[in-house]
Amino acid sequence: MTRSSAAAVSTATPISRYPVPRLEDMPADVRARIEEVAQKAGFVPNVFLALAHRPDEFRAFFAYHDALMLRESGLTKAEREMIVVATSGANDCHYCVVAHGAILRVYAKNPLVADQVAINHRKADITPRQRAMLDFALKVALASREVGEPDFAALRAHGFTDEDAWDIGAIAAFFALSNRMANLIDMKPNEEFYLLGRVARAR
Amino acid sequence: MTRSSAAAVSTATPISRYPVPRLEDMPADVRARIEEVAQKAGFVPNVFLALAHRPDEFRAFFAYHDALMLRESGLTKAEREMIVVATSGANDCHYCVVAHGAILRVYAKNPLVADQVAINHRKADITPRQRAMLDFALKVALASREVGEPDFAALRAHGFTDEDAWDIGAIAAFFALSNRMANLIDMKPNEEFYLLGRVARAR
Amino acid sequence: MTRSSAAAVSTATPISRYPVPRLEDMPADVRARIEEVAQKAGFVPNVFLALAHRPDEFRAFFAYHDALMLRESGLTKAEREMIVVATSGANDCHYCVVAHGAILRVYAKNPLVADQVAINHRKADITPRQRAMLDFALKVALASREVGEPDFAALRAHGFTDEDAWDIGAIAAFFALSNRMANLIDMKPNEEFYLLGRVARAR
Amino acid sequence: MTRSSAAAVSTATPISRYPVPRLEDMPADVRARIEEVAQKAGFVPNVFLALAHRPDEFRAFFAYHDALMLRESGLTKAEREMIVVATSGANDCHYCVVAHGAILRVYAKNPLVADQVAINHRKADITPRQRAMLDFALKVALASREVGEPDFAALRAHGFTDEDAWDIGAIAAFFALSNRMANLIDMKPNEEFYLLGRVARAR
Amino acid sequence: MTRSSAAAVSTATPISRYPVPRLEDMPADVRARIEEVAQKAGFVPNVFLALAHRPDEFRAFFAYHDALMLRESGLTKAEREMIVVATSGANDCHYCVVAHGAILRVYAKNPLVADQVAINHRKADITPRQRAMLDFALKVALASREVGEPDFAALRAHGFTDEDAWDIGAIAAFFALSNRMANLIDMKPNEEFYLLGRVARAR
Amino acid sequence: MTRSSAAAVSTATPISRYPVPRLEDMPADVRARIEEVAQKAGFVPNVFLALAHRPDEFRAFFAYHDALMLRESGLTKAEREMIVVATSGANDCHYCVVAHGAILRVYAKNPLVADQVAINHRKADITPRQRAMLDFALKVALASREVGEPDFAALRAHGFTDEDAWDIGAIAAFFALSNRMANLIDMKPNEEFYLLGRVARAR
C-alpha cells in the first residue's frame, strides 16, 4: 500500500474525532500490520487508522482481538462474528455493526444474517444452538453482574464446553471495550463494508 | 401479478407466524392493492401478505400508513423514512428496519444512511435539523410520557412547524404499532429489501 | 348534536395542543361519525375532536379501532378494554387511562377493576386467565422484541387460541400508537369519563 | 366502632396476604387509633388493619406518617397528598394510589386531579410550582442517587424553602417504604376510596 | 458524652445538607438516645445528628428501625444487616453502605462479607439460603410491583416462614426510605465506620 | 516467589470458575510477570492467576492495562484508579471494586475515597474536576451511544484536553471488558485487598 491510498481513505470524511497519523509517521510494526491488512482486504479498515493514534493501545487491541478471533475454538469464525455483531447492535456501535456485519456475511456466505442478528437475534434465521450462544453473549454484554451457573448450564445443553463459554463471553467482553472506543472517538466505518458480502446469495 | 408469483414469495420461508392467504382468496380491494404494489415494486413486500390475514386491519393499516407517508408535508419522503428506520431500530423490529431501510436508501439516493440511522442516529451523517427530527421521533417512540413544550421548541429552533411536529410524532407512533405487530407475528422481510438501493453510489 | 354543544365541550379547557376544528368545518363523514357517538354517549369524547384536525388520520384511526374492538373475538369487550387500560397505564397515557377506564367499568359492570388494572394488573381482582392475557399484552407493549413461542404457549395454557393472541397483541399495538398520539398532542379526557361507571356497584 | 363493623370490612375479600387481627385482640393504643380514624372517616382504611399484624411497626409507621403529613409546612395538605399519589403511581402501588387519591380529591376539592397526577403528573392540570414539586418528589422516589444542588435550586426558583424540600423528599421517601409494604403484603384498598371525593364538582 | 465531643464530630465536614442541632438544643429524649448510642459505640453515628434536625421524624425513624432490627426473628442480626447493605448498595446510598457495612462486619465477625454483598450479592460468599433472602429483598427494593406468590414460594423452599418474608421485605422497605433520606440530605458516614470490623479476621 | 506461595493463595477458595494453572506450568513470560508483581505487592493478585488460563489473552490484557494505566497522562494514577473504581461499581464487579479500591486508597493516600466513589461518585468528597471526569467515564461505561460533543465540552470546561478525554474514556472502556471477564469467570479478589490502604489516615 502506498501512502496516497491510506490518505485517500482517511481524507474523505473524518473517520475519528482524533488525529489520524500518516502511514509514514507510524511505528514500523503498526505500519506493517496495516499494510498487511490492506493487502488482504483491498483497503484499510478505519479502526486500524483511528487506533494508530495511540500505538501501544493499537498493539494491545489487535493482540487481544487476534487472541480471541483467530484461536482454535469450538466456535466457527462466522459464529464469533455473530457474537460481535449481536453485541455491537445492542450497544448501538455504528463502526462495529457495519464492519463486522460485512465480515460475518463473508464468513457465513450469507448476505442476510448480519442485519438480522444486529437488529434482533431472537428473530434471526439461526440455529437454536446459535440462539443460545447469542443469549449468553448478550447477557455478558448487558448484565454480566447476573451471569452464573444457570447460564453455563444453558450453553452445555446445546453442546458448548466451558471453554466455548469463555470464548463467547470474552468476545462479548472485548467488544464491550471496542464498542465504547468506537463511540467515544466517533469512528466511521469504510464505505466498502456496507456492501461487502451482500451480493453472493442474493443473486 | 399472477397467483404463482405471490406463492413463490410466500413459500420460501414462513413470513408470518399466522396463515398467509392466497391472493385469490383475498377480498378484491386487498388483492387490488397488492397487485398494484407488486407492479410498482417488482415484488410483494411481505407486510401486505401477512396482514391480509385480517382484511379490516389490513385496510386500516395501509390507510393510516398512506395518510402519514404520502401526504403533503414539510418533511421529505426520505426524512419520513428516516423516522421509520430510526424508531424501528430502537424497537429492534427486523421487518421494518430491513424493508424501510431499503426504501430510505432509494428515496435518499444514499446507500449508507439507512444502516447509520438504524444503528445510532447520533453518529449518522445527517444534518443537525435531521438529528433534531430524530431526537423528537425517538422521544415519542420511547418516552412519550415526557414529551412537552421544550421538545416542540427544539424542533422550532430548526425551522420545523407544529404541523411538522405532528408528522414526526405521528410517524413514530404509527411505527410503534407497526413494529409491535411485526414482532408479534414474526414477520420476515423479503430478501429483495436487503440489497435494494445499496449499489447506487457505492460503485 | 348542535354546533354549540360541541363548542361547549371544546372551549372549557384546551383538549389538544393543536387546533380543534368546528363541527361545521369537518368533512361530512367525520362529522357524521362524531354526531353518532355524541348521540350514543351523550357527549363527544375528546379524541374525536382532537383527531379531526387531520381527517385522513381520523378515518384510519377509527377504522383500525373498530376493526379490533368491535370484531367477533374470543375476548369479551370488557377484556379488550382491560388490555387498553393496562397498556395505557404502562405508557402513562392520561387520556386513554381515564376514557377507556370508564368504558371498562361500564362493560365489566365493575366500578373497581379499571383503577386496579391501570395501576398494577398483577394486584388486580381478575381471573388467572385475564392475568395471562394482560401479561402478554404488556410484553407486546413494552418488550415486543422478546415476544416468542413461550409467550404464545402461556396463552394457550389458559385456553386462548392464536387468533385471540393476535387480538391481544394487536390491541396492545394499536394503543401503543394511540398512547403516543395522546401524549404528543396533550389530549385531555372529558370530565364525564372520570365518574362514568363508578356508581353502579359502589352504592 | 363496634367489632362487627371492622369484621364487615375485613372479611369481604382478603385485604392482606397476612393475618388481620381482630380489633379486640389488638393492643389498646392500636385499637384506639383505629377507632378514632373509624369515627372520623366512617370506615377503617385497610392499612390500619393490615399493619396491626405488627403493632410496633404499626406505631412507628403512623408516627412517621403523622410527623410528615400533619406538621406545619409550606406545603398544603393537598400538595402533600399530590406527592403521595404521584410517587405511588410511579411505584404502581394499588393501595396508595386508590386510598390517597381519595384523600387528595377531598383535600383539593377537585375530583379530577388525583387520576391525573397518578397517571402522569406532566400532563396534569396543576400549577408550574406543583409541577416542580412533583418533579423533585419523583426524582427522590426513582433516582435519589442523583439528587443534588441543581434539584434544590429548581425548587427555590419556585419559592420553595429548603425545609419545604425536606418535606417533599421525606414524603416521597416515606411512601417509598409504604408502597413497598403494600406491594409486599398485597394490601387492598377499601371500596369506599374509589368513589370518595369524585362527585363534589363533577355534578 | 460531652457537648464538645459531639461538636468535634459534627464540625469536621458537613455531615448533612441541613443544619445539625447542638446536643444541648435537642429535646431530652432525642438527646438521651444519642448519648446512649455514643456510650455504646464510642462515637455518634451521623444519622442520629442529621435526623435530629426534625425530632418527630427522628423518633419515628428510630422506632421503626428498632421494631425491625431488634425484634425476635427467624433472621439473625447479621442477616438483617446483609439485607440493609445489599439494598443500600442497589440504591447507591453512601451513608447506609458504609455505616451498615461496618455493623454487618461486626455482627458476622467477617471482614469481607459487607463489601461483597454491597457490590454484588450474587458473587458473595454467602449460603444459598442467604442468596434467596437477598434476591427477595432486592426485588422488594427495586421491583415491588412484581412481588407475588412465586417469590414467597422461593423463600419457603429455603425454610423461611412468611413472617421471615415480612421481616426481609420490611427491612428492604424501611431502607428504601432511609436510602432516599440519606441521598436527599447528603448524609456523610463517620470515618470510624470505614475501618470498623475489618481487622478481626484479616490478621 | 516460590511455587508454594502461589499455591497458598490459589487453594484457599476457588478464585475462578476456570482452572488456574500452576506457576511452573505457565509460559516463561507469563510466569515472569507474575513473579515481578508478587515481589512488588507481596502477593499475587488473583487476576494474574485467573487469566493465566489463557496466556495470549493474559498478555494482551496486561499490555492494554499498562498502555492505559502507566502512560504519561494529564491524569494522576489516583485519578485513573478512581475511574476504574467508579465504573466497576456501576458494573457491580466484585473483583475490580475491591482490588482497584485498594490501589486507589494507596495512590490517593486516602482510606475513604474508594468506598465513596464505588458507591456513588456524586456524593464523594472529590473535586468538581474529578466529578466531571467520573461523569464522563460513567457515560462511556453505561451509555457510550450517547457520548458526543457536549460531553467533551464539559471536560474542557474543567481543563481536560482531548487526550485526557481519550484516557478517561479508554480506561472506562477497558474496564468494561475487565468487569465482564471478572463477572464471567467469578473472579475473587485476594483477601489482602480488602484492608489495604485503609489504616494510613484513619489512625
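Read from first to last, the chains carry the letters A, B, C, D, E and F; within each, the first residue is number 1.
The rule is simple: a contact is a pair of C-beta atoms (placed from the backbone, for glycine too) under 8 Å apart; a residue touches a chain by one contact, two chains touch by 3 or more.
In this text the structure is predicted, and so the values were computed from the model without any measurement.
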Query raised in the report: Can you list every chain that touches subunit A and also touches subunit C?
Result: B, E
Query - Topological distance between subunit D and subunit E, in contact steps - result: 1
Query - Numbering shared by both copies at the subunit F-subunit A contact, with half separating same from different - result: same
Query raised in the report: Of all chains present, which has the mean Cα position farthest from that of subunit B?
Result: E
Query raised in the report: For subunit A and subunit B, what's the span in angstrom between their mean Cα positions?
Result: 28
Query raised in the report: Using CA atom averages as chain centres, what separation in Å is found between subunit B and subunit C?
Result: 25
Report task. Could you grab the centroid distance between subunit A and subunit E? Build each centroid from C-alpha atoms only and quote it in angstrom. Result -> 45
Report summary line: When centres are defined as mean Cα positions, the distance from subunit B to subunit E in whole Å is 52
Query raised in the report: Listing for subunit A: what residues touch at least two other chains?
Result: 92-93, 120, 123, 145, 148, 183, 186
Query - Which pairs of chains touch, using the document's own definition - result: A-B, A-C, A-E, A-F, B-C, B-D, B-F, C-D, C-E, D-E, D-F, E-F
Query raised in the report: Considering the complex alone, what residue numbers of subunit A touch subunit E?
Result: 145-146, 148
**Report entry** subunit A partner contacts - residues on subunit E that touch it in the complex
**Finding:** 120, 122-123
Query raised in the report: For the complex, which residues does subunit A have touching subunit F?
Result: 17-18, 54, 56-57, 59-61, 63-64, 66-68, 71, 91-93, 140-141, 144-145, 147-148, 152, 162, 165-166, 169-170, 172-174, 176-181, 183-186
Query raised in the report: Tell me, which parts of subunit C touch subunit D in their complex?
Result: 13, 89, 92-94, 97-98, 111-112, 115-116, 118-120, 123-125, 183, 186, 188, 191, 194-195, 198-199, 202
